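Labels run A, B, C, D and E following the written order; every chain starts at residue 1.
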Amino acid sequence: MKPPDVRAQAALSVRDLTVSYGRAVRALHEVSLDVPQGEIVTVLGANGAGKTTLMRAISGTLRFHGGVVSSGKVTYSGVSLNTSPAHRIVETGIVQAPEGRRVFGRMTVEENLKVGGFHAPESTKKRVFDLFPVLAERRKQRASLLSGGEQQMLAMGRALMARPKVLLLDEPTLGLAPLMAQTIARTVKEINEQGTSVLLVEQNAALALRLADYAYVLDVGQVALRGPAAELAASDEVRQRYLGIVDEQIPVAFGTRTLSRWEG
Amino acid sequence: MTRLLELLINGLSLGAVYALIALGFVVIFKATEVVNFAHASLLLLGGYVTAVLHDDFGFVGALATGIVVAAAVGALVEFVLLRRAKARRDVIAIATIGIDIVLTAELSRRLGTSVLALGDPWGDKVVQFGGITIAQTRVAALVVAAVLIALFLTAFKYTPWGISMRAVAEDSETAALMGIRLGRISMSAWCVAGALAAVAAVFIAAFPTPGLDRTTSLVALKAFPAAILGGLDSMTGALVGGLLIGLTESLVGGYQNDLTFLGRGLGDVAPYAVMIAILLIRPSGLFGTREVSRV
Amino acid sequence: MTAIPELVVKDLTVRFAGLVALDSVSFTVHPGTLHAVIGPNGAGKSTCFNVLSGVYKATSGSVHFGRRDLTTMSPHRVGALGISRTFQNLALSAALTVEDNLLLGRHRLMKTGIVRAGLRWPTALREEKKHRERVREIADFVGVAHHLNIPVGGLPYGDQKRVELARALCGEPRLLMLDEPVAGMNATERLSMAGLIVSVREALGISVLLVEHDMGMVMRLADEVTVLDFGKRIATGTPAEVQENPEVLRAYLGEEVS
Amino acid sequence: MSKLRWAPLLLLLLPPFYLDAFWLHAGLFAMAAAIGAIGLNLLTGSTGQLSMGHSFFLAVGAYGYVYFAGESDGHVAGLGLPTPLAAVLAVVLAGLAGLAFSPISGRLSGVYLGIASLGLIFVGQHVLFNFEKVTGGYNGRSVEPMRLLGLPFDGSTDLVVLGVPFGAEERLWFLGLVLLGLAAWFANGVLRGRPGRAMNLVRDQQIAAGVLGVPVARVRGAVFTLSSMYAGLAGVLLALAFQRAVPDYFGVMLAFEYLAMIVIGGLGSVNGAIIGAAFVTLLPQLLTRYADALPMVAAVGGEGVAPSDAARYLYGGAVVLIVLFLPAGLSGLRVPFLTPRKETTP
Amino acid sequence: DNGDGTDSSGVKTGPGVTADKITLGALTDMTGVYATLGKSITQAQQLYFEQLNQAGGVCGRNVELLVRDHGYDVQKAVGAYSELQSKIAGLPQVIGSPIMAAIAENVAKDKVLTIPAAWPSQLLKVPYVQIVGGTYELEMINGVDFLVREKGLKKGDKIGHVYFEGEYGESALAGAKFAAEKAGLTIVEQRIKPTDNDMTSQVSALKSEGVKAILISAGPRQSASLAGVAAAGGLNVPIVSNNPGYSPQLLGTPAAKALEANFYYISATQPPSADAPAMTKLVGDYTKKYPKDTFDGGATFGYVSAKVFGESLKKACESKDLTREGIYKALQTQSAFDSEGLMPVLDFSKPGQVGTRESIIQRPDSKAKGGLVEATEPFTSDAAKEFQLG
């Protein structure tokens, strides 16, 4: 499955990437990270940390949200992707399963897979069905009728249809029952073992750290922590962040301003 | 009795042509959520090219050219207006009115006062059966429309183009993420619409109508209600709507002596009356889908 | 302003073509308390808000605010009962100034109709003046007063979030519903927003229903927490209780939690 | 300051003393159109409701006035009411017509509403041609001249002001000016007040609007009614300017021209509507008159572009260019006294 | 000021008359629905005045025609009128019923002699408006008479009448009904709009009513469609059309055969193929000046109406009164205006009356000049003589 020279190739790399939405929101600030060939790299971060923005920047879909890369660049095996339109990036082999599944609800499972790769050989389709047998069962069903977990599988399967070299997963376990999350995790591993590099964005830290070789933690658009997954998994900071045990005191009776009830 | 039958058949064949035009609206709307008011002028354009070229190129050659030209202009509109304008969708629709005004003015100027024949093979031939007479062009219109629409429904269901189109219509960002070229899709939609307009033009200008002239584009005004009452985002809707309007017009015309209490000459009103009635019951047309907006 | 009634959500179920966004969820917001609803993305939190504010219709179940049944009310009726909300994805009128957006928050409290507005009827002018004053108070309180005359579209995301809160306050609510008020804010912004929410309660003593992913904040602010997962309620209780609840830990971390 | 901004408008008082009937007529049509365009802009520009049936309500206003003010004779019926009253009633009638359409205007939006309202025009034309007792059928009806405080707005009585004989046009000019002024003033009041804000929110954030207590359907219905009344007033003024109401005038093309006006002038802005109206109505008149003087434009029968075609190219093209490059329309350009205090562009 | 005064040679002058120029106006349609008609009439009129000026003009003045194209837009037309109003001595051409209706009152007020390019009896009521030729009513009356005399229609037969909504169609209908009444025939009405170009449903309606002939008062397109569909559907009955309902171009359409077989066309103007020397000359001059354009009935009418104006001006000059009043009076002195066989002899001496009640029935013929040949001599039916105009 995996061509011999793959490891030799340079990987997906992000350098000093700064992204903002409109004039107002700076969502990413000089973020750098690497996805070495054949590895799983995970990006953790609270809501609004900028994970999805990072994914959008890599896949070239920022413009759909009024976002722009104001500095820094994204390269794949040395080639800059900054100016490439989304479809070109897909052609280079970087494919994303977006946050919130985003399956085409009015279409059948099969049609969704077609959109993923119109000219994909049967083998690819077969592989997807092997990974997600449930999709094979439901191939004629409208995607909107699938359960959340099934929709997530479809989203991943759809991405795989393009036979990606790098697979971008934005919160694949989002809103999934724990069991389902485990299944997804297993599949990600499997996909990776078949030679696809994975960039995994997760809020489910434990799961992500267990899967990944290397991890980054984004905080408000900046890389706060980075290191081998195992190490980060050990650090309390990460555990706290995600158990919501923070110690900053909220100043009650905030500021001096007060507001009285309105007797209109 | 034969009169009713004749009116029904005529209505259907007329409706088939409206359906072709309505289909043009639908294809564009599905791909870009814009209603193309310049469709009327694209229609006139296609017809005009066919009419002026048929002597030299022969009907088929001329029609082919007409189709290509109309498609090209459609693509141009997409490229110049749709890709660049940032405005609200209905404002862009108004802009297409502007395009329509300009294009129609130019074509009317070229057409001047002449009535052009399109040199179609059917001429004024008719087919007769059981006392019913119907122009061959009408039969041809029925067949062509049926074929084209069937073709489209299938293309939409099975071909990469059709599936991509639906994907874009449903969620353009994700479609792009899957490697679909949005620009190409919406442009292709405009091309297709232009081509359809050109084809429709032939049947509108051919016998029993004397030929193509500046008023030919006005039929588009009858295709609006067709597209709307069927549901702007539904191909089936376009078909049903077209036929419904065709029948309405034909019957209202044929039985106007029995409808005098409504005043004579209901030809233009009836289609809209039917449409409004239907909109009152189904605000997004018979087959249209109301999209739930999220907050 | 009359007393604060309690909000009772009972067996609320919402279905969208096929998927169950809310699955017979029940909870109660006691007068003057801050009740948090948490849960992973797609758990149904916003849907819940949308039902409470009349935007979506419940498939089954009921919502009562005091004696009034909201279940089938249209949005503007619900608003009239003194229920204001913010939106997860900003829903401001970008072209209008902050002041106008805030005045819109007071729409239901004002009377001027087309005729009087057109004729600049004295009552209309007086009303306008009175409410502009209140708007300034609120803007000042929320800390966007200096932006009042700028079109909202031009403000930074965080400030827009504040304007949303201010606009909700402008409705002089008895129940305030906040959908992820600090999403996409940085630590300091989050802190001040949290403080703001606290002082709103201090000042007005109204009930607050809060949807938020930021656990820290929820744990600090909430009197009671309802946890949704995949449309189902998996826990309700004080922050402490909820934090201990294995179900909840699993929903956020997956099985193996020590 | 804001007083100063309007000072240049005083120039509008001069034309009757210096310009001939052609100009005054052209100006009158422009003023009438401006009133109608303000109405349409309240609906389409500020509330985001596309209407393509505006000329129907113009017709209601025009014919309403003719009927209320006109005398019955063998051919047509009329109520022979005092003309000012007739004018008011005509506007009210147009409003009622708009109100009657609110089941549709309240529920539909976007092009669905646009094309539904397009239907009104065809219905209207049909009625105008067939309901002869009131409309006079294809021939139309002559218009009772307005009569305010004993002063008739036609050439009948002689009136000389500052050495200038004041005929129908001169008098109507001032009437039109007053009506337009009031219409614009009222519209600005609406836009800057509570209703205007609600309208903008309905356009920008439909769902939020509901939650903030704005009854979306009712607002849409109400604004549609209001804009119909503006159209009605415009219709009355047009009738007075034409001195005869004829059915053919109130067609689809007219409705399209009104849309062109508000886009060219600037969506959602009162001044925009006025500028756009002036642009679209004066253009063809001028080109027709000065055809021989203009390059490219051909004198009648000659080679080259006929004036009316030239006009179409120009304002058709203008619409496209403005949508592309000037979202705020001509009024968005920083012309001192024309720039609205507060812009509400979509 | 309206230019009233008296010139050196003692000729009273009014608006539009200067020392060396007499200005006339034309409100025409070059870009709208009646562009065909407008173009022919205007060009013919310009041709006439050119010739007139070469022949020395009138009262030592050149006659100039100020043409304004309103494109069938009432607003533009009214605007154009208010511009021309003070500049012109008369209006040899106004196209479009709604436009004529819109300016009628002003025309009367300003005492401007006007020749409309529309032929409804309605207009005879309007002072200072002179119809040249018959009216739509008279055409149809004579048409029905023709059907009875030549096409063997008998008491009790049905005649279909397909007509435009609007003044033209409905005036024609009135005439048809009057004549049918007299002849004991019944009319089957089919009202259409100018946008209806396909007459199929009308034909099947008429067919099932079993009509023996069809009258049509619409545009050329509708005539062509009607003839074509009727023939194709085996409804082989004579079709008689008013004068706006035909144009030679139709012979280039698929309907040509059917037209040549069953179609008749009524007009007060002679067909271009008529063997009157004046006609031959006119057609020659016209096609020389406008090689690209086909000569049609409109041109003939345009030329004659211009001539009527020209002659009136001359008479007015003789009686030393070139005011608008004067020109109008001069017109009325002409009780037997001779257009040298372009049209029947015209009588303008009776205000509120038509120039003539005669009509000429004509047939399409692709070989003939202008695509028309005479089918009958000019004639006036008894019914037409009785018909009360206005």
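In the analysis below, a contact is a pair of C-beta atoms (placed from the backbone, for glycine too) under 8 Å apart; a residue touches a chain by one contact, two chains touch by 3 or more.
Everything numeric in this text was worked out from a predicted model, so none of it was measured.
Annotation of subunit B and subunit C: jointly contacted by A, D, touch as defined at the top.
Least step count on the touch graph, subunit A to subunit C: 1.
The greatest centre-to-centre distance from subunit B, using averaged C-alpha positions, is reached by C.
Of all chains, the one whose mean C-alpha position sits at the greatest distance from that of subunit A is E.
For the pair subunit A and subunit D, the distance between C-alpha centroids works out to 55 Å. For this pair, subunit D with subunit E, the centres built from the Cα atoms lie 35 Å apart. As a whole-number value, the distance joining the C-alpha centres of subunit A and subunit B reads 44 Å. The set of subunit C residues that touch two or more partner chains comprises 16, 55, 87, 91. Across the assembly, subunit E contributes residues 31, 39, 165 that each touch 2 or more other chains.
Shared contact sites, meaning residues of subunit A that touch two or more other chains, fall at 105.
Contact residues on subunit A toward subunit C in their complex (touch as defined above): 21-25, 27, 46-48, 99-100, 105, 142, 144-148, 171, 173-178, 181-182, 203-207, 219-221, 242-246, 248, 250-255, 257-264. Per the touch definition, subunit D reaches subunit C in the complex via residues 186-187, 189-190, 192-198, 200-201, 204-205, 207-208, 210-216, 222, 226, 342-346. Taken together, the subunit C residues at the contact with subunit D in this complex read 53-55, 74-76, 78-80, 85, 87, 91-97, 100, 103-105, 107-108, 110, 112-114, 116-120, 124, 127-128, 167, 171. Note for the complex: subunit E touches subunit D at residues 28, 30-32, 39, 42-43, 46, 67-76, 78-80, 82-83, 85-86, 97-98, 101-102, 104-106, 109, 122, 165-167, 170. If you check the complex, the residues on subunit B that touch subunit A are 160, 163-164, 166-167, 170-181.
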